[in-house]
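Right after this note come the structures.
Each of the two complexes below includes chain A, the first together with chain B, the second together with chain C.
Right after this comes the complex of A and B.
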């Protein structure tokens, strides 16, 4: 089980790095709480003026926000820190330190996807799940074990889709070094905190078919409220699989273009 | 003074040319939150006006807000704290020009770059989303001082917060708090008139509305003529507080500054 042992080693090393800067803990908590507060208040203000919007009311929009916060937390737990170390600001492509990464006797994609963990994000995960729990209580529905399983599967496929898209955006760096493509994605992903039906048609098409961020949050939200059919769950798992295969192929193709940072 | 400022601005632009796309990506990131609320509110007001605002008026309000938010956003506030923390304040202090001019030059240089990105995008959005703006020349004239004061207030308010870095290493948490309060109370999440009563009162007393929302409301005609002068008075009063705090903190902070690690 070498890959698992490696991941455990990455997790441990990341924890030690984070623990060295303890004052960041306070900053991290502040940011998380602010993020949660602005998200929830935004929805409360909106539904202070209207009862429902395109079939979404306060509890169901809150459910979606809970899923958005949960997915974001999982993303900043390991996907973002790992990929930012590759293609972010002062990342390895930028500095040329990627030379040492590709020399290691491990699969490059495995390495760049899982090597950095940001344990502070586990606090965000708790907050996200908390919002989700409160929203479900507000909805006043009982949740069957089957719905919980469907939710976990839908959440898993959402995170995999998110990973695949981010890998593609990060991989674009091989064509244009110096452009922070993942930051562009961040902007689009923020839109997933509201239901797609609240946006105009052209934007809905973009967020469903071109950069499918809408799918990432809506499918798990539908799963927990029991509005998701087996067929759509299977479709989203299928989409996750297809996207991961495509993203990996794209990343490997880009990798061939890497020619280090200096001449 | 003017020549040295122009030299600073030119130098900044040249150094930024290496990261051209970086600044556009930053501007894109700042544009998204108000854009989300523009779209959500204009969908909500699709059938009937909300609190007297029609769909087209929401679009106009938010398109102006996107530009005002960008024009008043003080990016330098984040760098001032870093300069102090990493002991890089040294070169700035050694130059024969006032240290504040460095921050002001970077402010100006930044605004030109960001607005060069935002203006065409807002024009495109205006074509797609069809805003309704009932423009009066009086509102346009009042908008200019409101915008300048809003920028000065947002800049100096962030500046005194950033100067706290002389005493506390991670004072930038306060800047993040300021950004959140601006999001909630400065007309981004919703026009002030649509906030719940408690938040509305807070918004009218605290300085944050006067950093973004106030000029937007002035231009879109949401401020009664009777409330115009009191609005300017509150804006100017908070600006005076912010400038005073900046001066006091700068003077006493400089005495503590020992070029940490520099």
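Right after this comes the complex of A and C.
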């Protein structure tokens, strides 16, 4: 399979690029541990005061945090590094190296989405899955194979939704080069580490329907705790499909604009 | 006659550029209601190139050279006109088309910065789906021609500009394109590196029969590589033909070189329009209007003790400079 071979080549080259800067490895691990520490500490402090929050207790909120960390890790493993290579002052659009990217006989969206891998993030992935495991043990429930399948599907659709949103933000670069639009998103995505039901109604609507970051983490967490209905799983998968189609169309539109407007 | 591999017909590109007057108030105004103006970068350009040809695309900065190359390589849509390269319409960017072209830009790099060139080459081989055996064969040939065995294992960021340009060339030729666009490949390189790259390009063209369009501001590149040049200025095609015909067509002057029998200190007055460009004790170089050359030559033969007289076209650099600064006659 050619696409798979190509992704493997990208993975390998990214690893070599990363290995060239050894000190980044230690900085990256420190950041990961700090990230985990503050996340867990916040929840533990919160549930030191109260037993449950809008139907979410400590173990299920910890499950949510585990999902959040896992999704974030997948994001920083390849989605963010790949898409961010376009924007910013050293980005391809600004430097003009994007000319080479669109001259390759490979689909541009494919290239732009899977080109750079930040292998240090695999450590975050382990931490995220670790938190998830501990949370599930804390929950003290047995998990059926159906729940595992539901969780994997929900996690997949969550990652796809996240990718679609980030692709739209990345596509904005064709209208205004030089701005890291993904930064706007980061603030919103931070909110996905807590249950959606914790937020006031209007914010909940925004986080569900406008920038559906809530769906990204809440649905997989509910799948594991057994609180997810089939309809919601189907809705989440449907949303993922719709968003990825829209994002792709938007990105291609931007690309066309780039080809007719840039000098 | 061979079928052309590159064919352009009335290719035109107009950009919409924002106009921003100076001053803070104007800045705010342009934020709310941006104003645009149309700039024609390339206007009605037509030419065709046969397989294996090396053509120099020359013109001053901002003449439209890069815009033309970008349209031919599929990076830009033209505003009007047609082009066909290797049997495709470039800006449709068909994968088959993209596999048959390549571009080297003197001011942009396609290498991965932090790892040795060899690793970038491997990624490119995957992108272009070059079979391993063919990849190795092509790579060996290019490395041999460019004498760069020792560069393959150093990170690209540690290479000199010239060494990096060698890598850029290998990177662009790994998939054996039929058409190669070179946008100022010798930019910033020292004289001996320029010379080596020119020798490489000539040799590679001879072996592979790749068609090359080269833009350069170094006339030496063009003189050494391009039997044919296309001169564009203000987006318009001014000249398309042999390099030595350029002076004939575009310069309204001839150079007269005189060797005198005796040293003359006092020169007689020359007819109007004649300009002395060089004087030595017994030699003179004059720039004379092309049409008046016979009359002036006759006049000089009568008034000066001439031992030898040659009539030449002005040096190519001088012609180019004149066209760039004044426009064609």
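Basically, the second predicted complex is superposed on the first by the 256 of 263 C-alpha atoms of A that agree within 3 Å, B and C clash if a C-alpha of one lies under 4 Å from a C-alpha of the other, contacts with A are read in each partner's own complex, and residues count from 1 in each chain.
Assume a contact is a pair of C-beta atoms (placed from the backbone, for glycine too) under 8 Å apart; a residue touches a chain by one contact, two chains touch by 3 or more.
Treat the numbers as computed from the prediction; the structure is a model and nothing was measured.
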item: Touched partner set for A:23, first chain B, second chain C, both or neither; value: first
item: Which superposed partner A:186 touches (first chain B, second chain C, both, neither); value: first
item: Which of chain B and chain C A:31 touches, first, second, both or neither; value: first
item: Touched partner set for A:199, first chain B, second chain C, both or neither; value: first
item: Partner chain in contact with A:46 - chain B first, chain C second, else both or neither; value: first
item: Chain B versus chain C as contact partner of A:259, first or second or both or neither; value: second
item: Contacts of A:105 with chain B and chain C, given as first, second, both or neither; value: second
item: Sites on chain B touched by chain A in the complex; value: 18-19, 21-22, 25-26, 28-29, 31-33, 36-37, 39-41, 43-44, 50-51, 128-129, 169-170, 172-173, 176-177, 180, 183-184, 189-190, 194-196, 199
item: Residues of chain A touching chain C in the complex; value: 2, 5-6, 9-10, 12-13, 16-17, 20-21, 95-97, 99-100, 102-106, 259-263
item: Chain A contact footprint on chain C (complex, rising order); value: 15-16, 41, 67, 70, 73-77, 91, 93, 95-96, 98-99, 101-103, 105, 107-110, 112-115, 119-120, 122-123, 126-129, 155
item: List of chain A residues in touch with chain B within their complex; value: 23-24, 26-27, 30-31, 34, 37-38, 41-42, 44-46, 48-50, 53-54, 176, 178-180, 183-184, 186-188, 190-191, 193-194, 198-200, 202-203
